[in-house]
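Below is a structure I'd like to ask you about.
Each chain carries a letter (A, B, C and D) given by its place in the written order, and its residues are counted from 1.
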Amino acid sequence: MTSLGNAVRPLPHYLVQRYHGWHATAFTENRAWYRRLADEGQRPRAMVISCCDSRVHVSSIFGADTGEFFIHRNIANLVPPYAPDGQQHGTSAAVEYAVKELRVAHLLVMGHSQCGGVAGCHAMCSGHAPELEEATSFVGRWMDILRPGYEQIKDLPESEQVPALERVAVQISLQNLMGFPFVAEAVEAGTLTLHGLLHDIGDGQLTMLDGGRFVPV
Amino acid sequence: MTSLGNAVRPLPHYLVQRYHGWHATAFTENRAWYRRLADEGQRPRAMVISCCDSRVHVSSIFGADTGEFFIHRNIANLVPPYAPDGQQHGTSAAVEYAVKELRVAHLLVMGHSQCGGVAGCHAMCSGHAPELEEATSFVGRWMDILRPGYEQIKDLPESEQVPALERVAVQISLQNLMGFPFVAEAVEAGTLTLHGLLHDIGDGQLTMLDGGRFVPV
Amino acid sequence: MTSLGNAVRPLPHYLVQRYHGWHATAFTENRAWYRRLADEGQRPRAMVISCCDSRVHVSSIFGADTGEFFIHRNIANLVPPYAPDGQQHGTSAAVEYAVKELRVAHLLVMGHSQCGGVAGCHAMCSGHAPELEEATSFVGRWMDILRPGYEQIKDLPESEQVPALERVAVQISLQNLMGFPFVAEAVEAGTLTLHGLLHDIGDGQLTMLDGGRFVPV
Amino acid sequence: MTSLGNAVRPLPHYLVQRYHGWHATAFTENRAWYRRLADEGQRPRAMVISCCDSRVHVSSIFGADTGEFFIHRNIANLVPPYAPDGQQHGTSAAVEYAVKELRVAHLLVMGHSQCGGVAGCHAMCSGHAPELEEATSFVGRWMDILRPGYEQIKDLPESEQVPALERVAVQISLQNLMGFPFVAEAVEAGTLTLHGLLHDIGDGQLTMLDGGRFVPV
């Protein structure tokens, strides 16, 4: 591991201080529960797929504490199509583990407003971001998952396209989820429900997919 | 979207209630900041790569509020080797976006004790989980990233192997990160620091990689 | 009270947050009614006796809001025989208060499937839980109330015994209730009706005692 | 069971209707989780001891859903002293089951304002309710648990005595809890924390015992 010696640094002090504060307060007051979670393993009720965006806080929005949500976060909260091709699919692995191993009861896909990934996808598909088209662009290739969605929104008025694509990102992820046999089977068996959500960063509103449309919760 | 009609359900009521409580309190008291985050975009200081495990709470451990951390969570907090092959790499996309677009100053890889993904990798590599060896196992193929690490720990006493592999998972991810040209360049230029952390679920302890070893922060 | 100093802790933060959310929403929208309930006292229409089990939600099942149900919850929803012996009988006190002081119109005893208390009683009576037979076992002595019920089900096929005992627990509690003079008098006078219910945790079904048998409501 | 034939009636129709509404909505949307809770058993994080009073809603105050709280409700949220005398102690049985069998991490005792049980105890101890002194009074004998508390508040100004006794009821219950060896051991071992709360029915405020005093949460 010596090759990492110079690149890896001690934790910045401001985070060390906050960690010690957390351990002396929040950890201590929940010590019994955390000990038990360690000894007995997790049993989350739901999986949440949301964006990496620093403005999205899944746990606080739902008043959830340690142990409640199995959380996967990636760029633009996307689920790729089912592809059991022997390649590495981190999102598919997380879904597989949550549904088959942990047997979560709910699977929430939560998109959000002002999503940089979705905006990038829109720029790419509309010809304004050729660098994202390159094979070496990880973000571009990842956003290819949402490319079929561009067709659904490209004829809307300019200003409505990106917000519409944010909604489509949630819907395509849910459709792709239904393409996973073990997801479809669990939904069919009534042991799993899917949910589509969209969170507005600025006004805090949460809407949910209901009958094909996003309505306020 | 009609095909989703029956599979996608409204949000469970207990989460709706909690959301409304959050909106009336935490959101309202931070409304000005959230409005600004929406209008001006995010500007996170750090990226964190951690596990999906419901027992790991990145934000609370570091007292972080909305806007501070760009968070990617996948099974076992793994970063795959750099592979600009035109395929979909969700983790690599998140790293690329954080380093090149958001220009985060710190990149933290945080592992944790009792990790189901690492335990699965150990079972697979030691011949006890043939189902994970199948090409169709998303979890198995994802954990292939950690397979080289098994060689480093397989000669340890039995009871020490999995905990050691949890540490190695952090180290391999950091090494793989250094294989991304834009990461290495940012580290070299002094605009990015890498950090390796391990969180113990049961006793709350946080250790960090320092000089090749994990020491308490 | 200093002796409690170290043992009693502040409320875990996740519950503090949820409470503040509740106060800002549910409480606020019902403020007028709660104010009146505080000033004028409660006037519940029914008393419910159910189990402590975390999977049983009396209020939600019956869409009841604050003020409707006087609720006593104990292990296995049991009512002991009438015994005015000067000893402490928490369940009898609750029944007395509900019937004589609050004059509730209905008294519901609601059992449920997968009841740990009933299963423990079955294990004890069938000789598989000697530790519950000890005088110092509070659970064992409490479940003695249901001991006569074991005689009614012990000759059934093995797999039917515990579910049958869950039904008998409701029936014995109702019979014991009728042994309380003030309950029998209120029933006789037509000012109180008794009801026996059984709730299935897994499929949500609710059955009620009608003519000596449990039938779907 | 025929002796119950005339006393036990079908469920009132308004409750049948609400139940069917619940089953078609709340149950259905959580079917997967409830199925799992039935199959795997409960794993509540906390036990709550609160009053039977119809104006106290434990679950809603804490945004808790099915499976989170093991709830015992009796008159005035009292815990009697530890008395392993082979008699029936319903509250002690519930505490024993929660701590030894379910190993909850938190034990909350939640009192409330305008408590009829506490007011009755005050009337009894101050000589205004001779009927409660009778051996046959279940409520009186139950409230004997709080009798030592009367000594602590009897010299306060008249109007402050009952509210003070409500606080003392929580404290005495917590002290009695610490007299249960398995509770004291779990607290000592750090696997259980105790919490004292007081809920104001009228203004919704929640205070907690902290350093011997009740302070707003």
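Assume a contact is a pair of C-beta atoms (placed from the backbone, for glycine too) under 8 Å apart; a residue touches a chain by one contact, two chains touch by 3 or more.
Since this is a predicted model, take the numbers as computed values, not measurements.
Put simply, the chain farthest from chain B by mean CA position is C.
Looking at B-D alongside A-D, one finds more C-beta pairs in contact between the chains of A-D.
Chain geometry summary: the mean Cα position of chain C and that of chain D are 12 Å apart.
Once the centre of each chain is set as its mean CA position, chain A and chain D turn out to be 40 Å apart.
Among the residues of chain A, those touching two or more other chains are numbered 26, 29-31, 35, 60, 63-65, 67, 106, 193. Within the complex formed with chain C, the residues of chain A that make contact are 25-26, 29-30, 60, 63-65.
Listed in rising order, the residues of chain B touching chain D in the complex are 9-10, 12-14, 17-18, 21.
Touching chain D in their complex are the following residues of chain C: 1-5, 7-12, 15-16, 18-23, 26-27, 31, 34-35, 37-39, 41-42, 44, 46-47, 52-55, 57, 59-64, 66-75, 78, 80, 84-98, 101, 106, 108, 113-114, 116-117, 135-139, 141-145, 171, 174-175, 178, 184, 187, 193-197, 200-206, 208-212, 217.
Across the interface of their complex, chain D is touched by residues 29-33, 35-36, 40, 43, 45, 63, 67, 103, 105-106, 186, 190-193 of chain A.
Residues 17-18, 20-22, 24-26, 28 of chain C are the ones touching chain B in the complex.
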